[in-house]
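There are structures below to look over.
In the two complexes below, subunit A is the common chain; its partner is subunit B in one and subunit C in the other.
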Partner chain A sequence: MSPAMSLTAIGLVVAATIGIGLFGLRISRTTSDFYVASRAVTPRWNASAISGEYLSAASFLGVAGLVLVNGADMLWFSVGYTVGYLMLLVLIAAPLRRSGAYTLPDFAETRFESAPVRKICSCLVFGIGTLYLLPQLRGAGLALQTVTGAPTEVGAAVVAIIVVINVAAGGMRSITFVQAFQYWLKLTALATPIFVILIAWRSGDHPVGVLESLQGAGAEWAEPLSRAGGRDHPVYATYSLLLALCFGTMGLPHVLVRFYTNPDGRAARRTTVVVLALLGVFYLFPPVYAVLGRSFAPDLIGAGADTVVLELPGRIFPGTAGDLLGALVAAGAFAAFLSTSSGLTVAIAGVIDQDLLRNRLHRLTGGDYLAVNSFRIAALLAVAVPYLAFNLTGALSLADTVGLAFAVAASTFCPLLVLGIWWRKMSTVGAAAGLIVGGVAAITAVLVNVIGPPQGGWPKALIGQPAAWTMPLAFITVIVVSKLTPHKIPRGTARSMVRLHTPEAVDVDRGLSPLT
Partner chain B sequence: MSDTRRAAGDPEMTTYRDVQLSPDFSELRRRFRRFVFPMTGLFLAWYFLYVLLADYAPGFMSTKIGGNINIALLLGLGQFVSTFAITLLYVRWADQKFDPDAKHLRDQIEGETQ
Partner chain C sequence: MFARRRKHFGTSADKATYATLHTASLATPSLREGLTPAAAGKASKHLRDLLGTAAIAICDSSGVLAWDGVGGPYESNHRRDAKAIAAPTLRSGRTAVLGANDVACGDPQCPIRTAVVAPIVTEDRVVAVLVAYSPRSSAALVRATEEVARWVSGQVELAELNKERTRAMEAELRALRAQISPHFIYNALAAIASFVRTDPERARDLLLEFADFSRYALRRGGEFTTLSDELRNVERYLVLEQARFGERLKVSLLIAPEVLSVAIPFLVVQPLVENAVRHGLDGTSGIGRITIRAQDRGLEAEISVEDDGAGSDPEVIRAALAGESSGDSVGLGNVDARLRQVYGDVYGLVVETAPDAGTKVSFRVPKYSSGVHASA
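Up next is the complex of A and B:
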């Protein structure tokens, strides 16, 4: 692989990202611009931006790596990532928009009228965001290492710095344009090498012995639920993964905030349809890389499977053609790291700014500061913490780390949102208990995975894919505790329910209700 | 608790309470739930069934239909198609059924608060 060409391509992506960010700077002036682009982005732009933001290092590099090692079962990652959007759309997108809350903590506060519940939500947003940012930084490190041989800290630092500058400078408006551009870049970068390979294969001037590698000793890899790669209890693991991805998407901070950038509920639905199509097209390609990888890069199965997408073009086409394709893929990978990290950073920074920073700054400076500056400091914090964590933690595969972030979201925000929107008898204590029990269970599983997972059997399966037990645990906790504390049902439940379930055009008060 | 506020003559609370208790509002919520929850259950069951079939009925799943195409492949592709079909169905339902009903409720509320 030619470092010069790949570095040039990465440089161009970075330049374009910052360039569009600066262009956005001129139009984003108010706080509302920063958070949700003043709610005026058309469905097509928005769908490209949502897809651009959602397709992270885990999708671009991680899925292919997991399929390469563990075989067909890992295809459920791409199915789950996509179906999560459908769940979000039908179950909660419309009511949540109507609640008038910008963030998950906002929703918790309006619905449950409780500052402690809000604080728990803020901490969870920060935790889930950090867990999701971690693999983005790790992916960036791996990509730069593959291209230049630099240590992984360098790539991670590059992405961290660019994201902070971009978010602090432009906010959401410029992010929308940046991400829409990055979706198309990612799709092009992933698809082009595949088409070139297919053309070479059909014209017969290049030996592509793919099918041979799937027969004989390697055949088990292509079988579903085959335990290839040493994953025990495949049915449990698959169910748990599907649950985490289907119900976790609704609890991801950067995904939710995106639904507010639509002008109305109708546009939000249109946007989701386009998003599903865009994601579906994208996910056709990672499995192809994995299958080709079985033939052309079998050495990566042992270690470094996450780099298969980056390595493959150079292995199949040694020489200039491979260099060019490799540079394109590296550029696409950086687009993936940058777009997801930017979106996450905007969302997490929003929460840090509102819940942790602004009041303190206000006290420190005696009110002599701009709201936007607080947001900028929050953006710096939002990236600095995962960067430190990245330097401390070991090598969990990209898609697995992201899968765990989904599991935490599914065990905390999913019960809060689904029951909070649909169940009138949910009490404030029940909400808090569900968040704490689900959160502690899922985060414990994450930590065990990071520090040193069990070696095999049920313990490994249960800890590796915790959602199938942590999510029901959280739901049951909310329901039981709410039944036990009926006197703690929020006073404004009737009002919240009307607000959540009547269409937006109705002139009910959607402003944040002050704490009573 | 709302009842005490109502007794104290909080006009805003009374409207919200009335809307929530009104048959139209419960009907609207009921309709939404009756469409959305079964739909969600159905497509989740469909995904989970596919996993079960792959585990317990590999013979059935690998039945060749022609060339390299077998039942598992068809069902797998069918999941993509069905996910998209469900989405389109929901969007159509929301545009054609839910929004008009909601508009009706809106007219009612706005009439009352004026």
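Up next is the complex of A and C:
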């Protein structure tokens, strides 16, 4: 791999991203071309943007690494990352859009009319965001290390600084076109080397050993539930992982923010269907890298597994072709860190700014501050905390850390959203209790994982993949506590339900006058 | 010192006073909701604590609103008679003391033998009565019942005032909403008339635009709309203005598509554009440029309307926003007042202007604000 070429490619991606963000591909027209207002973001564009923001370092690098080491069971990561949107589509997409909420705390407020529940949600958004940013930084560090040999801390710091500057300066706030561009860039970067390899094979340059590597010792690797890579209780781990991924997507802070761009509930559903298709295509490729990695880069199995996507093109095609493909993949990986980190940072910083920082700043300065500065401080916090955490924590694999972020989301926001949207008898106390119990359980598991996971057996499985017990725990808590506190059911529940579930075209009284 | 203070807190008369005040304060929140059966029901428990009687009832002309105290067959017997007992006081507004002849049921075990009926009066009207049932009546009980009824009257009156205030605010909002300027209607129709002979097809299109514009501006219901609908209406408005000004009016729109679905109060952008057209073009014969921007600012959307016209003295604008002058910028004061009323004082209009430097009017709206939902 040629460092110069890769660095150039990465530089181009960064420049393009910041450039498009700053100078804007906003709709800009004169009155000779009327009705710009009707040109809302179409579901296709929005779906590309959602996918672009969603496909993180864990998807781009981590999935291939996990499959490389642990075998067929890890294919569920690809499936789960995608199926999360199916759950979102079926359970909450349209009602959530109709609620008018922009962030998860907004939803909590509009549904439960409770300031404490809102505050708990804000803290959880911060927690989940931090957990999700952590692997992005690690991925960036790994990518730069692979390209230049610099220590991972440096790469992480570079991405952290770029993201803070980008977000705080106002670029790439949440511009749909930038994120949509990122999706296609990532797909191209990931798919092109595979197609080049396939074409090279067709022309007779057939490599040996790909299929052979799946025989003998490799047979266990290709076998589902085979405990390859030393993972115990594969059945439990698989189901738990699937639960986390299926139900965690809806609780990710940067996903909901994008649904707001849809004009109505129906568009929200259409968008989700397109997202499913786009993600489905993308996730075809990481496992291919893993299979090829078994034969071309077996030395990476172990510590360097997360770099397999970056290393592979250079291993298969020595020389310029490999350098070019390597540069393309590195650029794609960087696009992945940048888009996900920026999207997340914007979403988290917004919540920190609004719910945790602005009032305090107001009190401290006596109102003598700029709202923009409050947001900038929030953006700095949103990146600085995960960066510190990154330097303090040990080396969990990328996709595993992301899996834990999903587990926390599935144990907190999933019950809040699903029951909040579909169950009229959910009480405010129930909502708060569910968030706290699910959050504490899942976050404890995460901390144990980070500090020092138990060695082997059921404890390791339960702590490593906590969703299978933390998520039901949260659901049960919400239901039991709500049943015990029926007088705490929000008074506006009937009205909220009408608003959430009636299509916009139907003329019913869903209005809340601002004065009542 | 500390001990003395504690002792001071502890005299029995003081304790009684505190207990009474505390009980009264418990009843306050429900009474502030007005005399509904639910609110009266919640309050009656505390009111009976205050009086210490066997039972109390709150009745209005339609019957018993709330009952608290002895239950079972006694309750049903006396509930039935309560309306009759309450009727004279509801009519006269005078406290009545009723003896066993009027009140007692046949059962010798029943603790209810007498009743004191005191009126609950708001604005010189008897709206309900408080009935205190007890085994014996005494002058003290009569006095206490009257006082409690008077206190309840005060609370109910406050509830009425609260409702009045809400109604007044709603009326203000209604008065503030949607003003299309008569000048615009006149000018638009005159411009359309000028095309009727020369270009009937265009005149027809313009009339249809005008019809759509007025339907939107004069619609009823919903205080809120989406930015997308509001901008569409601004475009209709601009089509009509361009019919009048032709090439002299140049407009550009810079709209971030992400904010099109934000809910905003209805007709807040159009008056700003109208203002810009007037300031940008009136008084000059040159070209006026207007730029309308809607930008995504994270949790908020920022909307601005800018013209390159003559600008004005900031003091004039300040007066217009404060509602002191009814001169040039009627629309601005109105929009400013509505934005502040909906989102709070932080979200008013921001006007940047100086003589000969054009004018930029901008405002921010939060993407989510509780109670703000666009309706079609």
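The rule is short, and it goes like this: the second predicted complex is superposed on the first by the 469 of 516 C-alpha atoms of A that agree within 3 Å, B and C clash if a C-alpha of one lies under 4 Å from a C-alpha of the other, contacts with A are read in each partner's own complex, and residues count from 1 in each chain.
Basically, contacts are C-beta pairs under 8 Å (C-beta built on N, C-alpha and C of every residue); 3 or more make two chains touch, one makes a residue touch a chain.
Bear in mind the structure is a predicted one, so any value in this text is a computation, not a measurement.
Participant: Touch test for A:280: subunit B only (first), subunit C only (second), both, or neither?
Facilitator: first
Participant: Contacts for A:364 in the overlay, against subunit B (first) and subunit C (second): which applies, first, second, both or neither?
Facilitator: neither
Participant: Considering only the touch criterion stated at the top, classify A:346 as touching first (subunit B), second (subunit C), both, or neither.
Facilitator: The answer is second: A:346 touches subunit C but not subunit B.
Participant: Considering only the touch criterion stated at the top, classify A:495 as touching first (subunit B), second (subunit C), both, or neither.
Facilitator: In the superposition, A:495 contacts subunit B only.
Participant: Touch test for A:106: subunit B only (first), subunit C only (second), both, or neither?
Facilitator: Only subunit C; A:106 stays clear of subunit B.
Participant: Once the shared chain is lined up, is A:198 touching subunit B (first), subunit C (second), both, or neither of them?
Facilitator: Touch partners of A:198: none, neither subunit B nor subunit C.
Participant: Could you say whether A:375 touches subunit B, subunit C, both of them, or neither, answering first, second, both or neither?
Facilitator: In the superposition, A:375 touches subunit C alone.
Participant: Using the touch definition from the top, say if A:91 reaches subunit B (first), subunit C (second), both or neither.
Facilitator: In the superposition, A:91 contacts subunit B only.
Participant: Can you list the residues of subunit A that touch subunit B in one structure and subunit C in the other?
Facilitator: Shared contact residues on subunit A: 505, 507.
Participant: Which residues of subunit A touch subunit B in their complex?
Facilitator: By the definition above, subunit A touches subunit B via 76, 79, 82-83, 86-87, 89-91, 94, 223-225, 234-235, 238-239, 242, 246, 266, 269-270, 272-273, 276-277, 280, 422, 491, 494-495, 497-498, 501-503, 505-509.
Participant: Subunit A touches which residues of subunit C in the complex?
Facilitator: Contact set of subunit C toward subunit A: 166, 169-170, 173, 221-224, 226-229, 231-232, 235, 238-239, 242, 250-258, 260-261, 263, 295-299, 341-342, 367-368, 370-376.
Participant: Hey, which residues of subunit A end up touching subunit C in the complex?
Facilitator: So the residues of subunit A touching subunit C come out as 26-31, 34-41, 100-103, 106, 109-110, 113, 173-176, 260-264, 346, 349-350, 353-354, 375, 499, 504-505, 507, 510-516.
Participant: Once bound in the complex, which stretches of subunit B touch subunit A?
Facilitator: Where subunit B meets subunit A, its residues are 1-2, 12-13, 16-17, 19-20, 25, 28-29, 32-33, 36, 39-40, 43-44, 47-48, 51-52, 54-55, 58, 61, 72, 79-80, 83-84, 86-88, 90-91, 94-95, 99, 102-103, 105-106, 109-110, 113.
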